[in-house]
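Should a chain be cited, it is by its letter among A, B, C, D, E and F, assigned in written order, with residues numbered from 1 in that chain.
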Amino acid sequence: MKLITAIIKPFKLQEVREALIAAGIDGLTLTEVKGYGRQKGHTELYRGAEYTVDTLPKIKLEILIEDDKLKVVTETITSSAGTGKIGDGKIFITSVDDVIRIRTGETGGDAI
Amino acid sequence: MKLITAIIKPFKLQEVREALIAAGIDGLTLTEVKGYGRQKGHTELYRGAEYTVDTLPKIKLEILIEDDKLKVVTETITSSAGTGKIGDGKIFITSVDDVIRIRTGETGGDAI
Amino acid sequence: MKLITAIIKPFKLQEVREALIAAGIDGLTLTEVKGYGRQKGHTELYRGAEYTVDTLPKIKLEILIEDDKLKVVTETITSSAGTGKIGDGKIFITSVDDVIRIRTGETGGDAI
Amino acid sequence: MKLLNLCLILLATVSSPAIFASEINSGDTAWILTSTALVLLMTLPGLALFYGGLVRTKNVLSVLMQCFAIACIVSVLWVLYGYSLSFYGEGNFFGNGDALFLSNVARDGLSVGYATSIPESLFVIFQMTFAIITPALVVGAFAERMKFPAMCLFSALWLTLVYIPACHMVWGGGLLTDWGVVDLAGGLVVHATCGVAALVVAMVLGPRKGFPGPSLVPHNRPMVVMGAAFLWVGWFGFNAGSAWTAGTDAGMAMLVTHISAAVGALTWMTAEWFKTGKPTVVGIATGMVAGLATITPASGTVGPQGALLIGFLAGSVCFYATQLIKGTLKIDDSLDVFPVHGVGGIMGILLLSFLGTKGILSVGSSGDFNPITQFIIQLKGVGVIVLWTVIFTWIAIKATSLITSLRVGEEDESEGLDLIEHNETGYQN
Amino acid sequence: MKLLNLCLILLATVSSPAIFASEINSGDTAWILTSTALVLLMTLPGLALFYGGLVRTKNVLSVLMQCFAIACIVSVLWVLYGYSLSFYGEGNFFGNGDALFLSNVARDGLSVGYATSIPESLFVIFQMTFAIITPALVVGAFAERMKFPAMCLFSALWLTLVYIPACHMVWGGGLLTDWGVVDLAGGLVVHATCGVAALVVAMVLGPRKGFPGPSLVPHNRPMVVMGAAFLWVGWFGFNAGSAWTAGTDAGMAMLVTHISAAVGALTWMTAEWFKTGKPTVVGIATGMVAGLATITPASGTVGPQGALLIGFLAGSVCFYATQLIKGTLKIDDSLDVFPVHGVGGIMGILLLSFLGTKGILSVGSSGDFNPITQFIIQLKGVGVIVLWTVIFTWIAIKATSLITSLRVGEEDESEGLDLIEHNETGYQN
Amino acid sequence: MKLLNLCLILLATVSSPAIFASEINSGDTAWILTSTALVLLMTLPGLALFYGGLVRTKNVLSVLMQCFAIACIVSVLWVLYGYSLSFYGEGNFFGNGDALFLSNVARDGLSVGYATSIPESLFVIFQMTFAIITPALVVGAFAERMKFPAMCLFSALWLTLVYIPACHMVWGGGLLTDWGVVDLAGGLVVHATCGVAALVVAMVLGPRKGFPGPSLVPHNRPMVVMGAAFLWVGWFGFNAGSAWTAGTDAGMAMLVTHISAAVGALTWMTAEWFKTGKPTVVGIATGMVAGLATITPASGTVGPQGALLIGFLAGSVCFYATQLIKGTLKIDDSLDVFPVHGVGGIMGILLLSFLGTKGILSVGSSGDFNPITQFIIQLKGVGVIVLWTVIFTWIAIKATSLITSLRVGEEDESEGLDLIEHNETGYQN
C-alpha cells in the first residue's frame, strides 16, 4: 500500500476531487497547510507599511491506495492540479506497512 | 519505530486520548482535517437553496511508538474510537527511520 | 529521499525558517497542530471554574530532501528550534519512495 | 391691550409640550423612542452575541436563532394579546382583552396610566422590547441541547403563562401594583422570572453531555465581550427609559445604572482573581451584567452611593451563586441565568427598600415610608413572583414536552445543533 | 372674558411645536439627531457586516471596504452637489444648484419645506445617511468580483444619475411629489432604486465563477446575524425618523416597522422550513430585512394590523422571488438585493394604498382619498422610478466600463478580492 | 389683574426650556441621554474592537480586558473624586472636593455652569464617558506587552494626574478656560492628552518583541472595521452631544463631524494608494478616526466647507505622521495613538482659529475676535497641555513601575497575554 501526499493549490481542490472520483478513488483526507517554495508569497499592507507574507495557503491531500493504483492516481492529480505556473505543488509517495479500518478491524487492501 | 496515523471522529477524541494514556502512550500530535469517504456528508442551506458538503471534520492523530507497542496502540484506538458506524476512520502504520528529541538531541527509542 | 517531519514550538518558527533558508532549504510545508507530551498544558478559567487544556499549539514542518542533506537539516532544526525546555518537540525521519513536481512532472531529486 | 400683548409675547416664547398633563412631550417621546431602540439592541445583537460566544462553535447559530426567533414570536404575540392582557383591565393576575390586536391603539392615542407624555403606540413597543428580552434570557438555561420547535412552543407558552401575568401584576395594575411593590425596570418582571425559569428548565431538561467538564467552554470570547458591551449600552434605555420622561429621573437612573455595572464588574473580577489567581474578561463582563440586573428595580430610587453598594453586592453574591449552582448543586443552568439574573434581580428588589430615597419610594407605597414595611412588601412580591414562575414554567415546559420532544438525541448533541437543527454552520474557511 | 378666552384658546393650541412654523423643537431635533446615528449604524456596521458575512472569507474585506468607501464618497458628493440637486428648486427630475457646497446652509438655519422644527444642518445629514445606504445596498449585486476603482466610479455616477433624481422626484418637490406619490421613508427612493439597479448590474457583470454552485456560501453566519440586528435597530431611525417629529407619527412608525420585521422574519423562516425541512438563521434574518424594506414606504400610514399583513407578504413573496431570480432565472444578484429590496420596496409602495389610514394618506394625495386612485398614482410612480433606474444604471455601469475595467480576472477572482484589490487578509492566526 | 395672574399662573406651569434659563429641557435632556449612550458605545465595544482587531490573536482578550477594566475603574474614580476635582471650584489646575462621592449631586439638581437645561446627574455621566475613553485610548500604546495590574494602576494614576487636571483646566473653569481656549469636545482634553501620553508610555516600555517587523499585524480586520464603525456612530454623541442642547449647534456639529470623518478616510486611503499601490480597509478606517479626532475641538465652530479642509489635513498629515513615528523614529506606539489622536487633536485645536465662524468663537475668547489672537491662545493651550501630559504621564508610569513590574517577560510575550495574564483564549474550535 502507498500513501500519496499531494500539496496543491486550494482553488484546484474541487477539480482534483472530481477527477479522483472519476478515477475511482473515493477516500481521502484533506488538511489546510501553508507552503513555502519557489512560488513567491505576496505583499500585505498595514497602515502604509508593506510586509511580505512568504507562505501561501495550500491543501494537502492524503490518499491511501493499493500499489496498482499508483500510476492512475498520480497522473490524475498531476493533470487536474496543474496550471503550469510555479507553485502547483508536489506529490510524495510513501510506503505504508498496513492499514486498519476502525469500524470493522479489517486490514490491508480491504481496509482502504 | 512506527508512526501510527489514525483518522477518527472528533467527538471520540477525548475517549481515545484517555484510552491511550491508560495504555501508557503519553505523546501524540493532533491535526484537524477533513475527511472524504463512504460516510456521506450533510446538506446545508442558504436562502432556500440546498447544497451538499461532502467532507466531514475528522481528527488526525499521529503517534510515534516503538515497534513493540504497535499492537497495543492499534487495539486501543480501534476499541476506543469505534462506534460501529460508517466513518469511524482508519489507522495507517508507517515505518520511521529515526526520531530526534530536539531538546536533548537524543535519537531512536530514547527520543519518543 | 527523506521526509523530515519536525514538531516545533510556534514562536520558534521564524528562527527555524531563517536557519533553514541559510542552510539552503527553500521548500517546506507547515501545518498548525496540537501536541500532547511531557510538557504540561495550561489552566484556563471560565466563570470561576478552572479547567485544564492539556494540548499545546505546535507547528509541524514537513521538509522533503535528498538523503545527503539529512544531517544538515536535522542539525539546523535542532539548533534553531531548541530552547532547552520541555516541549521543544521532535523530528521524525521517514523514507519517501518518490516525489513528483506537479507543474513539470519531474520526479525524484529534480522534483524537490 | 397691553395685557393681551403680554400674553401673546409670553405665549410666543412658550414651546413646551407639558402644558396639559395629557399631551405629548416631544422630548420625552424622543427619549423613549431612543430607549426602545436601545432595549432592542440589548437582545439583538447584545444578548444573542453574549450567549452565542459562550457556547461551543457547533451551537453558535442555534443560540442566535433562538434569540432571533423569540424576538419575532414575542412581537407577534404581544400585538395579538400580550399587550392587552398586560396593560388593560384591573385583574389581579391578568388584564383584559380590550386591546387585543392592538385594536384600541389609535394613531394619535396617548399612553394610558403612567407615561402620560408619550404616544400609546410607543408605550406598546417600548414594553414589547422588555417582553422580548425576558424569554430570550431563558435561552441561557437550555442552550446547546433544546430542539428548535420545542423552544418556540415553550417560549410562547412561557410568555403567556409567566411574563404577561408578572408584567400585569407588577406594572399593569395587578396584585403587586396594589400592594405597592416597587420595581422600576424589571427586577421581578424581567430578571426574577427569567432566572427562576432558567433553574426549572435546566432541571427538567437535564445537563448537557459532558457536564460538568472541561469541554463546555466559550468558543469566542471576543463575541461575549461585544455582546456584553451592547447589554451595557442598551441597559441605559432599559432603566433610564423606564423613567418615562427625559428629565432628572432618567439622568439619575442612567448614572446609578452605570455605577452599579462598573462596580459589579470590578467586584466579580476581584473575587475571581482571589479564587483562581487571574482576572478574566468573561468574568468582568459577567459581573457587569450582574451589576446591571441588580440595579434594575432600584434604579428609580437609589442615588450614586447606593449604587456603589448594590454593584458591590451584585458582583460578589452573584459570583458565589454561580459557583454554588454549577459547582456544588451541579445544575446545568448552562449560561448561568439564575445566579446572575435571578439572584441579582431579587437582591435588587429587596435592597431598594433600604437604599431608596424617602420621598420617591413613598410614591410607590401607600402613605409615609418605612424601610421595613417596604421590605416586607417587596418580600411578598418576590414570594408571589417566584412561586408563580416555578409553577407556570414547569407547566409550560411539561406541556411542551407532551407535544414535541424537548431535547435533541445524544449523537445529535455531539454533532451540534447548528447542523442538526438548522443545516447551517457558523464559520467556513 | 373675551381676552381670557383668547388666552385659553391660544394656550390650548400651544403644546405643539408647530404653532410657529419656523422654530426649532428640541424634542424633534433630539429624535432626528438620534435617527441620523441610527441610519448611519445601518450601513456601518450593519449592512457591511450583513454583506460581509454572506461572502467568502477571501472577499470579506472587499465588501467592508466597498461599504465604507461608498459611505465616504457619497458624503462628499452630498455636500458638493447632492443635497442641492435633491432638495432645492422645482425641477421635475433634478433640483438646482442653490445649495452647492452647502453654501446656503446657515449655522442657525431651519430646515426647508417639511421638517420645519429641526435645523437644516440636521436635515442635510439625516438625508445624507439615506443617500449613503442606497448605493451601499447595490454592493450586494456585484460583490466578490467587481474591481475597486470601477466600484468607486460607478457608485458616484449612480448616486448622481439615479439616487439624486429619484430623491428629488419623490421627496424634493419633483414630478412624483406633484403627482401625490406617498413614500414615507424610501420604498421607491431607496429600495426600488437599489433593487432594480442590482439586477441591471448583476446582468451586465455576469455571474461569479462557480455560480450557481455549492461553493458560494456565507463564510461567517454570526456576522450576518449581527449585521441584521443592526439593520433592525437602525431601521427605527430610518422609518420613525422619517416622521420628522417626536410624536405619535414616530411612535406608530416604529411600532409598525417592528411588527413587519418580526412577521417577515417568521414567514420567511416558515416558508423555508416547508421547502427545505429546516428553519435557518440566515433565512430568518433575510425575512426580517424583507419585512423592513416592505414596510418602509408604508410606515407613515398603516396601523399594526396592516403591518401584520405587510410583513406576511414580505416574507413570503420575497422568499419566492429569491428562488426565482437565482434558481430559475440564474441571475447572480449575489446577495439577493432585488428580490429582497426591490420586490419588497415596490410591494410596500403599492400595498399602502389599500392599507393606509384615510386621513393621513389624503395629505399626500390631492383632495379626498380613494384607494384605487392612490394605487394608480403609486403605480405610475413605480413605473417612472423603475424605468429611470434601469436606463440610468445601465448608463452608469457602461460609462464606468469605458473608463476602467469592471471585473477582476478569473484567477484573481479565485484568489479573492481582499488580497488582489487591497493587499490585506481578513483573518490571521 | 386677575386675568393677568391667571395668565402668569398658566405660564408658570409651562415647563419650557427657554422661559427660565435654569429649567430642564426635555429635548436637550433626551439628546444628552442619547449622547451618553453613544459615547459609551465608542469605548465599549467601539474602541475595544478597533484595538482588539489590530493586535495578534494571542492578545485580543488582553486588549478587550484593558478597555473594559479602564471603563470600570474610571467610572468608580469619577464618582469618588474625578467629577468633583474636574468641575467644582476655581483652581487653575484642579477643582475642589465639594462633590466628592457625588455628595452634592441631588436627584433633582440641575447641571452647573454651562449645560443649564439638563440634570446634573446626566452631566456627571456624560462627562464620565469622556473620562473613560481617554485612558482607554492610551491602551493602543502599550498593547501586547503591559501587565494587567500595572495597567490598572497606571490608568488610575493617569486619570488623576493628567485627565482630571486637563479637564478642569479646559472645561472646568481652570487656567485655559480663563485664557479663552476653545475646545468643543476634547481636542486637548481627550486627544492631545492620550496621544502625548501614548508616546511617553511607548518609549518607557520599549517596543514589542519583533518590532519593527512583519509579524505584528492585525489578526482580525473585520473586527477593526466594526470597531471603527462604532467609533464613527458614537462620535456623533461625542461632538454633537457637546453642544449640550438639541438645536442648531448640535445639528451643525454632527454634520461637520461626519464630513471630516468621510474626507479624512478618503484622503488617508488615497495617500496610501499612492504610496503603496493599494487602498486598504484598515487605512480607510484609520483615516476616518483621524478625521474625527481632528474635527473634535472645532466641531462647534466650523462649517461644512471648513470641515472638508480639516478632514483633508487630518487624512494626509496623520498618515505621514504614522509613517514617521513607526517607520523613521522606530517608536512602538503600537496602535498609532499619537500620530492619529495626538497629531489630529492638536491640529484641530490650532486650525479652528482660522476656520471658525466669527460670532461663535468670540464667545470663547475675550471681546471681539481675531484669528491670530485666538491662534496664540490656542497655541499656549497646546503648550500647557502637552507639557503637563509629558511630565505627569512620565511620573505616573514611573510610579507604577516602582510598585509593580510593567512588562510581561519575553517568553510570556511570545505566549501571549491572553493566556499569561488572564488564563483565557480568544477563540476555540
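Throughout what follows, a contact is a pair of C-beta atoms (placed from the backbone, for glycine too) under 8 Å apart; a residue touches a chain by one contact, two chains touch by 3 or more.
Predicted model, so just to flag it, every value in this text is computed and none were measured.
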Checklist entry - Going only between touching chains, how few steps reach chain E from chain A? => result 1
Checklist entry - Which contact partners do chain C and chain F have in common? => result A, D
Checklist outcome for this item: Label-sorted list of chains bordering both chain B and chain E is A, D
Checklist outcome for this item: If you tally C-beta contacts across B-D and across A-F, the winner is A-F
Checklist entry - What whole-number Å value describes the gap between the mean CA coordinates of chain A and chain B? => result 18
Checklist entry - Measuring from the mean C-alpha position of chain C to the mean C-alpha position of chain D, what distance in angstrom results? => result 52
Next on the checklist: Just the number, please: Cα centre separation of chain D and chain E in whole Å.
Outcome noted: 32
Checklist entry - Listing for chain B: what residues touch at least two other chains? => result 31-32, 44-46, 50, 53, 94-95
Next on the checklist: Going by the contact rule already set, what residues in chain F reach two or more other chains?
Outcome noted: 3, 7, 10, 17, 25-28, 30-31, 34, 217-218, 220, 246, 276, 278, 280, 282, 422-425, 429
Checklist entry - Can you list every touching chain pair? => result A-B, A-C, A-E, A-F, B-C, B-D, B-E, C-D, C-F, D-E, D-F, E-F
Item to check | Complex contact set, residues of chain B against chain E | outcome: 44-53
Checklist entry - Where on chain B is chain A touching in the complex? => result 2, 6-8, 31-38, 55, 58, 60, 74, 77-78, 81-95
Item to check | Interfacial residue positions of chain E with respect to chain B in the complex | outcome: 212-214, 217-218, 271-272, 275-276, 278, 280, 282-283, 286, 319, 322-323, 326-327, 336
Next on the checklist: So in the complex, the part of chain D that touches chain F is made up of which residues?
Outcome noted: 3, 6-7, 10, 13-19, 25-28, 30-31, 34, 38, 56-57, 217-222, 225-226, 228-230, 232-233, 236-237, 240, 245-252, 254-255, 258-259, 261-263, 265-266, 269, 276-282, 284-285, 288, 303-305, 308, 357, 360
Checklist entry - What residues on chain D touch chain B, complex-wise? => result 215, 414-415, 419, 422-425
